[in-house]
Amino acid sequence: MLELGPILSALSRNRVAAILVMLQIAITLAVVANAAFIIEQRLEKMSRPTGIDSDNVFFVQSYGFAPGYDALAVIRSDLDEIRALPGVVAASALSSIPLSGGGSQSTYQITPGEDAPTVEGNYFEIDEYGIEALGVPLVAGRNFRADEVQTDQGVTSKFVPAVIVTRDFARDLFGDEPAVGRQVYDGLGQAATVVGVIENMQGSWVNATRLTSVLLHPRLPTPPIARYVVRAQPGQRDALIAEVEHLLASNRDRVVTWVRPHDWFLDRSYKPDLRMVVFLGVLIVWMLLLTGLGVVGLASFLVRVRTRQIGTRRAVGATRGAILRYFLVENWLLTTAGAVLGILLAFAFGHWLSNEYALPRLAPHYVALGVLALWILGQLAVLVPARRAAAISPAIATRTV
Amino acid sequence: MLKMQHVGKIYRTQLVETHALRDFSLEVAEGEFVAVTGPSGSGKTTFLNIAGLLESFDSGSYWLDGEDVSRLNDDARSRVRNRKIGFIFQSFNLIPDLDVFDNVDVPLRYRGFGAAERRGRIERALEVVGLASRMKHLPAQLSGGQQQRVAIARALAGDPRILLADEPTGNLDSLMARQVLDLLEEINDRGATIVMVTHDAELARRAHRNVHVLDGRVSDLAEVPAVQSVERVRA
Amino acid sequence: MFAYYLRLGLASLRRTPMITVLTIAAIALGIGVCTTTLTVYHLMSSNPIEHRNEVLYAVTMDGWDPDQPWHSDRPHLPPPELTYRDAQALLESDISDRRVAMRKTTVAVEPAEARTDVAPFLIEVRLTTGDFFAMFDTPFEYGSGWDAAADAEANRVVVLSEETNEKAFGGIDSVGRTIRLDGRDYEVVGVLKDWNPTPKFYDLNNGPFDESEEIYMPFALGETQEMQPAGNVNCWKNEQIDSFRQFLDSECIWIQFWVELGSPAKVERFQAFLDAYVGEQKKLGRFPRPLNNRLDRVSDWLDINEVVQDDNRVLVGLSFMFLAVCLLNMIGLLLAKFLGAAPIVSLRRALGASRSAIVKQHLVEVGLIGVAGGIAGLVIAGFGLAALERLYSQYEHLTRLDVAMLGVGLVIAVATGMLAGLYPIWRVSRVQPAVYLKTQ
């Protein structure tokens, strides 16, 4: 027996209190559904594969400042020494670091000329060990040869003779056609041949729209800044970082600005998203807690107000279970009413968020999950006061005080 | 002191209309001790509520201490209650988390008296009821009779023109009831006007005059003849 | 009477400890969350140079790609930086009271021979013309900036940040001393006090909340010594750039430019000058896009560059929705509590309390809850911000609870409490005298 009618009319006698809880439920649903959705988005974003062997690579930045500093010589000797260290899989020069917030971007064309359509690409300059050092496996073509690596040490607009591209970039530029062997042109009409394709590699900027449209150019860095990427055997990374730092420190004509694992850059790039996840997570928990407390409060209030009535019902034959059921059903009705309003609010809020802040549209299953969560929360919350109600003695009916 | 003429009060709910008082007329002179009796449901409680300006009435007129209090607004009624009326309820209605002193203090606070004046009045009122030594006690620490006496002190502290008592001994055993009634008589001897509602005939006999209420109106007067005035006996 | 209500309020709060704790907690949580997000938002959106907002202007000119605007979604805005040659040209005008062209680079600092314990370290440099210090009101610990002559002659002088002075000289008055940068000697002419405007309004390109640069030197040195740019460099035109000189002459934008214009008349004149200059350049085939030169004050500049991120705005909005739930919770709790004490209210009314006396009494009680909740909320906000610091890492100055925010937090707390109390107090004021005392 659900006693819907009496429940509804009883609720309407305590209209204000019921409305208060309903509103709480509605707002909580709207916030929790959207917050959970945003959290999932961010977690997904943060779990995107970098494409390189992030667990085992680390990066070095060196700045040569002494007058007459022979950058090329230092780079070559640095890399030779590093490669000789036990535990090093490979080491290469590298112009900038993936997901570090710093890097270079250019436009590329399939045919030369001012009017040809261009595609943007984030490029990294490496030497012939770069593929190995980054840990990006080739899926087509070949690596750079040593003679293809450019060594110009000043400002230059010379292009490189060859490039290696990611699958996504190849798709952007060539569509479904194979890329290896094709020519790529820069804005000045200079051509480079695509010699290889790598599976995937993320570029420099974490919020870029075409994050994985990346190219590799064979070129050594221009002074004064030189960066290297070193790939360690699994488990050896941290020890090698210390060793490399020590090794390079002996040259006092330059500053070794830092030696850092990729994690350092990843953490920094994803900090804003992590912030959002943590904050929203805390908000969700507190909001559910608060609403749960609101439900407990209302139920306790109703139990108190109805004490005499409940005693009387027990006196005329209602079981404890019936009393319990009454409160559970009442709570379910309240939660459902609040949820109906909440669903409207959730989608309205989600719609506004996606328009105002260029976020994707709220996925409906989050709202459904939210409703489910609130049903469960509500029933659990009302359980304690409801059990108290069920325990009210039928003798209350005859008491006069 | 108190003059009600043709007072009527109707309780309306969605389904029923109840005439609690019909054409109710009563006069109480200053210094009288009147008992209002009647069976339950007769309207005597309603009469008391109206007399105490706790409720409004629908028809008739009501003068209290020479003032027409029929159509006063809420604030004015509060003021009159505060200054002119002292209440003694059946359940002693002391505020549980205030001590005796603070309980007696309550109506004085709304009077606007200064701290010294209030203290003086409270001490005097407690002396009259014989509880001056219990000023710091909480109601829970007092017996039923003592609590009622505190309530009486509270009613007296503001020097009201009239005391309205609703079954003042209803919750007390016979010993304490007698003590309370002795106290009421003593207060009356000093010149206070008292109107007491009770269904206990024994109690009613202690008053100067009985008024019997039935079906919302005053029925025939009881055995004790009406008294027009009372001479105050000065000690 | 207020003291009496205060006493009654405290006694009432003590009487129902559970409800009291819950109501205070409800406000505290709401205030804690709101104050936390508001503090970050407030610091992010603050204008660190408010007092000079009316005279400082960022100069931008639209010489960008004719085929697509700089901002695809806001095509009316020019790119945020100028080309080197345009900056040089603007430097020559004396219409503005002051002007500054600047950009970043990096150098290695070699500590004096005596300090062998300190290894050479890399720092960020701001190459700027000399007006920078007066325009942006930088505080000096020792010495001062350099004059126009030093700019013109590209003298090797530097102004150090407090931190650099600490690292290189141990914090002493280093004016007149020599500091070796990238193998060259420079003379220290000034040392700044700790100065980190938040946000870094004068150059928002690489990190609006980054710390200020550590060394300042004359802009012209960037050219004479061919110092590599360390900021954002953007080029739309396909140009042959094979030397540093060609880079300086190119259409690449990488220079920040600000002017100080003390009166509306000067603003007009400078705007006219900009437009005339671009008109001339158009005849030379440059500036293919429609004429669009802007002078933006700091406050507008901060808006245009969208310093406050969307995430922060969303969080502030969500916090207030959370506060709404806290408010609803409070209303329920207060309602239950006040109506639960209705018999006592009824008694007081019978004894002569007017409705307004009852209202005042309960307002004080609600006020107490508001203040207590506000203080507890600020404590929570303190913890929240401390926890956030880990998530803002290098941006510690975004998680400081300043006096203004403390005040705001308390005000919101009391206001929330009052708002929550409105309905419950109205209900309790309508309790009829002695209605709850009828026992028959």
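Going in written order, the chains are labelled A, B and C, and every chain counts its residues from 1.
We take it that a residue touches a chain if its C-beta (ideal position, glycine included) is under 8 Å from a C-beta of that chain, and two chains touch if they have at least 3 such contacts.
What you are looking at is a predicted structure, and each value in this text was computed from that prediction instead of being measured.
Relative to the centroid of every protein C-alpha atom shown, the closest chain centre, again from C-alpha atoms, is found for C.
When you average the Cα atoms of each chain and compare centres, the chain farthest from subunit B turns out to be A. Averaged C-alpha coordinates put the centre of subunit A at 26 Å from the centre of subunit C.
For the pair subunit A and subunit B, the distance between C-alpha centroids works out to 74 Å.
Inter-chain spacing, taken between the CA centroids of subunit B and subunit C, is 68 Å. Interface residues of subunit C, counted against subunit A in their complex, comprise 22, 26, 29, 33, 37, 106-108, 110, 119-122, 181-184, 228, 238-244, 246-247, 309-311, 313-315, 318-319, 321-322, 324-326, 328-329, 331-333, 335-336, 340, 388, 391-393, 423.
Per the touch definition, subunit C reaches subunit B in the complex via residues 1, 4, 11, 14-15, 343-344, 347-357, 432-435, 437-440. The touching residues of subunit A, counted against subunit C in their complex, run 16-17, 20-21, 23-24, 27-28, 30-31, 35, 38, 63, 65-67, 69, 114, 154-158, 186-188, 224-225, 249, 252, 254-255, 257, 268, 271-272, 274-276, 278-280, 283, 286-287, 290-291, 293-294, 297-298, 300-301, 304, 353, 356-358. The touching residues of subunit B, counted against subunit C in their complex, run 40, 45, 49, 52, 54-55, 74-75, 78-79, 81-83, 87, 89-91, 93, 95, 97-98, 106-107, 109-111, 154, 167, 170.
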